[in-house]
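Structure first, then comments.
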């Protein structure tokens, strides 16, 4: 729709030689997370990644909901909207559908995206709208000071659940896959390089890219992801998915993932104990989401065997592309000026004339 | 919570010898669906099934949202609430949590459950609340006269999408599995025996039982499931899942489902071309949801290879049982009368006395 | 046989039958023929909530009322002069509305024992004398249609279904309607099945011929064209007019239109209609729910589209939180509420005006918005453009309050000259507006609107959100004085909207009683006032298009009259606002029946007031 | 050294520091010590929206104000007599509120160049004379604390953190507070880490000793106990009182309490508090959103529980559609709205009264509910019980409007005798109520309530829903007359609720001006009225607990006075209702600053009115 004359007048569409740096993406607002919050690392990683996009700042929009994580847009010197709790995917859908020239990013939290915003999230994924959705999962409600969230483990003792929570958590990756997501990935706040590699893949995906970022809330849920960060456990607990490579992990690749014949799903084995060809070679383009789904079920409650990286990245027409295609096709049939066509439209059907 | 004196006074809890028939479940309200609507068949099947529950009518509650399907409660001579669009799972959760003596059923449509009510549905499944959720999927909005729904096929031409819909549908079974559902099944309006077998399994499940019922809307989406009903295609298109049996189908079991080694997910093959041991034996109790998920991906857009029956039925503590357990444990610690305990509570903390 | 022709000045006909009998179509066609003739018209469809209630039952009755006259009329008529009843249910459901002496045309084929029993008729009303006092015409519509189609290559079912065209032919003859357009219409409608064209045309002609030949109809009527403003006309429903108004607003603003909507009766047709007009750059999105619909719309507005979300009361209730965000963001947003009878699901196919207070006050915090209401089906076009003007000029949410009666009712519409429609062009911000850079909350002093700086504009990168913002900079602010200022500024912004003065119709300037209304009550109030004036009783009428802000002269107008009465299809919602604002002891006259007021009941009520004033 | 002891009648102290400095705890403890002494107290916490804003910044400042007196007080005080400022940010953020002559106790250790620069102090206010005119006490709180803990087995960080206890010790000494309860509290709080008990106790004692020995503090103060009603007291915040009121309502009704809630500031603590009281049969559910929360609650009500949902404005905006369903279903439902500054996200930690109109009118259709508001923190207990009484007796949704000021503010609460609390028992329907069977909408003629027939009751199986229902039978009905009747009956049901008359405080009966208020403005209005009366200016005060229905005598009360003024923390929402209903030219006096009114500004405003009346 950017062809409306007015929009054009305000918006540059000519590509510009860009020489942007991370600093260009820092807004003048003081960052206000708790000292030590994982959000800082994510912010820094995103700001440093942005120049890679090669998109001028004015064509980038961050839309967020409400939560600590959702303060993110204020700190990015791009366009941004800090909207209301849970609704960012819906708002971003309207923006993305009408403005193909923009790069639209959603920043959300586990409560924002999966509790109040669950419906908008799954519908955005189903529609495959051109959005990059970054879900900062700290497995807790930060902003409202520490209630459990839909990703908190069963039995979690929080302010609202002094006797322990009674509901099993969502697995955000499984949920996204169940909702027909075309791009699904996971990364960690503390691993900037990995985080950026995932952002890169997400940015390159046409359609909805869903990225779960494990984020430490050092105030209300400190250490939630330590098992994936501590040297003692890190290597044995984290599975780094790499497209085209066999899935092995551990300091010396002593673990691997296989697809046991006759079994259901995927399993972790000692590399030494299986034939090399049995090891699953990671392919994020597998059409069948059952593969990525099986991957998503690998981790146990202690996070042991958590895959990170891109689980799935497949092509499917995006909602906004299709919708704009329909509009464009209809507009191509426009013969006169809009005013003339409008006159025709108003005068269509059974009309009569009074002299 | 049924121990509150007042509740007890009104409610019978003693088991009664029941001699109920389908007729006992017919209310005095005139049924008002379009002649030929699949809802009639479902209603009749449910009414005929109810006596099997062995539960007196007053302990059965049907809660629905809004839609043609959601008129269901009016026709059942049980307790019932025709609530608002999409919210039945939430309402039923509150009821089920406070009233373990009731058998609570949710009736919903594809729009009601998956469009406006998507969030409540996935959260009810995640929580595993004791609810039987019957989703009448006609892949269309009936009551509002024929707009597409989240289960309508891509490109669907309807009143709201004259150029064809631009969003890929949900697969309700996949979505439910992605949302951690413990019981997931599918059945068809026209197959009363099968429908009742699924209801039976659902009723026997402790926790949320999610049942998708393919339902024909002969006015706005006639024949949507004909491929599973017409003699010409029926047998080759429908996979009847039977716990403990190898998955074969076709008039002469000429088709089967295998789990190809090295492949991702499940595939359909000619029975004659595979070794019998390669054929997957259906096990609804597999802990790993990846199996049921893979099953859910078998059908193509033309419904070819649609499994019906119970995909998954596993045990997991239900939210309401856990919550009631917490309340009961706390009540057990109650030493005095409620009034005495309340006095203690009010007088706790730093108090002082003015003479 | 030449029949006598009698002149009438106005006629009200109600077509009633089973949902499957095609009464809406029949009524539509009759209306169209009538419009061609130049009569003034007003229509009122009435259909069941069920998609297809069981055939032959009372809840399954569907009807269509059309009022046409040789003068300018304002309502679809209080009581039908003619009832066409296709079955016993239709008779039973509608008889109560008929005045004695009215004409009843009955399809005798359907008056079987079984059908009579279905609706609780102990005896056949054709025989038991209960219809004495009406001019009853028993006609074997079904069997005559089937006979007329004998030999044609169609099924019995299709033949029987053509009976509505037989009835239409008969009525068209009876009221001397031109029938060319109907024949053309049938060609178009059944283009894919030529055998049905033939069948329906045959049935229509058979009905016409039946009227001409039978002795039962001795008199034929004529209603002369009304003296109407010259120009091109078409008959239009409120929902269609509203949708076209939005298309026009898109054209006149040069902005893409984005409609985010979730289907709901009686608003869905706005979504349906707009989804046909993609060539005007209109994008429609059926969202997952009403919250997503308004959210996506707000996102589109943020991006520079003319954002519209359409729904009915339950949907507006869900959108409140997001509308409140739009108030804070100060972005254009049109929220269309096609009101229906509430509370809760209420009576979805019935009309009501009970969402006014929700529109004005139904959000948390001080979250003022503009509120606009159309007064007639065709007026929905202008009201939509007016809503767009306010939203775009003042960067504010606007609630546009239509209702079920306007939505489905129709009237002739004098087609506007497109180039004469308001110019709605807006300027997006394109460069910094202060020496310190871009200030997203630095306002235009005339409109108090903030700049609309859409993403994509270089150099104006900024962040907005729902937290309280500092004046001018738009930065987050918890400063008490700033908050107080911003709350008052948002209220002032709405009050500052320029709206035309309230017009009063008080021909002799002698009235002491003023009837004040808003929305769809315009027709019946107007008709009642005319009737009173014709009887020499002076009365003044004023009708509010703008509920927020109110026109500046309302206070003056109210004080000119001894008594102010406000008829509403609610429990007095406008009356509450008027009383609070102007401390005028306005009388609330309320009916909440899911139906428009009838002119006669208003006339009766007003007469008392005028006489006692 | 014996210090001079001076008697004061009241003191207002504000503790201010960084969010990490433990100011809320310090204030709480000081309050508790003060309460023990029998002073009357009122407190006002004030914390940033951020969880932990960057240390040392203005947005990171957290404060706690306590007002205590030897007489009965109504507000936390307009301006502090004493400011304890733990860092430059705390000084800068609060100095504006101090009257000249006030005492300032500063933590000099934090007045480093870096910290000064952080908040934009060009020069050190300790040196530049800008604090002349205040009684400044520079104290090296951090380093003295660390020195006092020298040798203890704790980290430097923990030692530094104990500085708030040093400050508390100093202040406790200064105002002669009993400190046993604080020492006991520290034992409890740090039970798991005995080294911290020792450290904090040492710090507290060091602060006390510092006061006693240092020359800087020459005078020590005493505030005598207030003359209060005899009985047991505790200090309580509004949120805790409200939660306990709901527990009490559960006990007194014999019903299980179900709270469905989604966390939101400033309402979350109600969920937190109630989740601790499972032993009373209280079930709490953190739902996926506010709609699910009210939905689950309505489901629980349907099943026979006392259903409560608690939230703030944005949450109520989302619940409207379900509340409208509850209106149609006529089931008991309590909706607690702890109001905060809006619109949209607004200023979540700040108070406001701008949700009144939403509570009254914020739903589609005519959907009337009862509305109740507490007037002080402790009064939240009684208001919750009153809301339960209305909900249970009249089978209706009740909106209970608290606000952020009441929620977090505290005051001494005279503990009620449990057996004297209202008897809230209800009778569920247990058998058919008519010869034709069970009629779910056959009403009790006294209350207009319909029977509450909960699932599980044999023989009463029935269906309810959001479609319009026929009177008596509850069957779906589209009958126009029935709808009109039901709409009016639902309105009448609310109007029929028995509520106590509005009480007027007009000691000499000579006042000509009435101040009418509702909710948390009670304190400042009351304090202002008292001050005026003390100065011989007569004024009447009335405070509405029931906003819907209004007490029957409101009209009478209003007409007794020449002028009625309504101060509100909104733009005049109650004023609008009063003007519309009673046609009284009530003056709206409004401030929307996210803060309670100060008594002095109200006194000033009222003085003008009284003098000109």
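We call the chains A, B, C and D, going by the order they appear; numbering starts again at 1 in every chain.
Operating definition for what follows: a contact is a pair of C-beta atoms (placed from the backbone, for glycine too) under 8 Å apart; a residue touches a chain by one contact, two chains touch by 3 or more.
Keep in mind that what you see is a predicted model, and the values were worked out from it rather than measured.
For chain A, which other chain has the most distant CA centre?
So the farthest one, by centre of C-alpha atoms, is C.
Check A-C against A-D and say which one is joined by more contacting C-beta pairs.
If we tally the C-beta pairs in contact for A-C and A-D, the bigger total goes to A-C.
I'd like to verify one number: the distance from the centre of chain A to the centre of chain C, where each centre is the average of its C-alpha atoms, in whole angstrom.
The computed centroid separation for chain A versus chain C comes out at 43 Å.
Need the CA-centroid distance for the pair chain B / chain C, whole Å please.
So the centre of chain B lies 40 Å away from the centre of chain C.
Calculate how many whole Å lie between the centre of chain C and the centre of chain D, each centre taken as the average of the chain's C-alpha atoms.
46
Any chance you could list the residues of chain A touching two or more other chains?
66, 82, 84, 115-116, 118-119, 123, 150, 163, 323, 326, 329-330
Among the residues of chain D, which are close enough to touch at least two other chains?
In chain D, 59, 278, 288-289, 314, 321, 325, 329, 344-345, 465-467 touch at least two other chains.
Can you check the complex and tell me which residues of chain A touch chain C?
1-7, 9-13, 27, 29, 56-59, 61, 63, 66, 73-74, 76-84, 87, 90-99, 101-102, 119-120, 123, 323-324, 326-327, 329-331, 333-334, 338-339, 341-343, 345-347, 349-355
Mind listing the chain D positions that touch chain A in their complex?
50-55, 57, 59, 261-265, 268, 271-272, 275-276, 278, 284, 286, 288-290, 314, 344-345
What does chain B use to touch chain A in their complex?
Those in contact with chain A are residues 115-119, 122-123, 126-128, 150, 163-164, 166-171, 174-180, 259, 261-262, 264-266, 286, 288-291, 293-294, 297, 316-317, 319, 322-323, 326, 329-330.
Under the stated contact criterion, what part of chain D meets chain B in this complex?
So the residues of chain D touching chain B come out as 32, 35-36, 38, 181, 185, 225, 228-235, 244, 247-248, 251, 253-256, 258, 260, 277-283, 285, 287-289, 291-293, 295-305, 307, 321-322, 325, 329, 415-416, 418-419, 425-430, 453-467, 475-476.
Spell out the part of chain C that touches chain D in their complex, as residue ranges.
Answer in residue numbers: 49, 59, 291, 312-314, 316-318, 320-321, 324-325, 327-329, 339, 341-347, 349-350, 352, 354-355, 357-358, 360-367, 465-468, 478, 480-481, 483-484, 487-488, 490-491, 570-571, 575-577, 579-581, 583, 585, 591-595.
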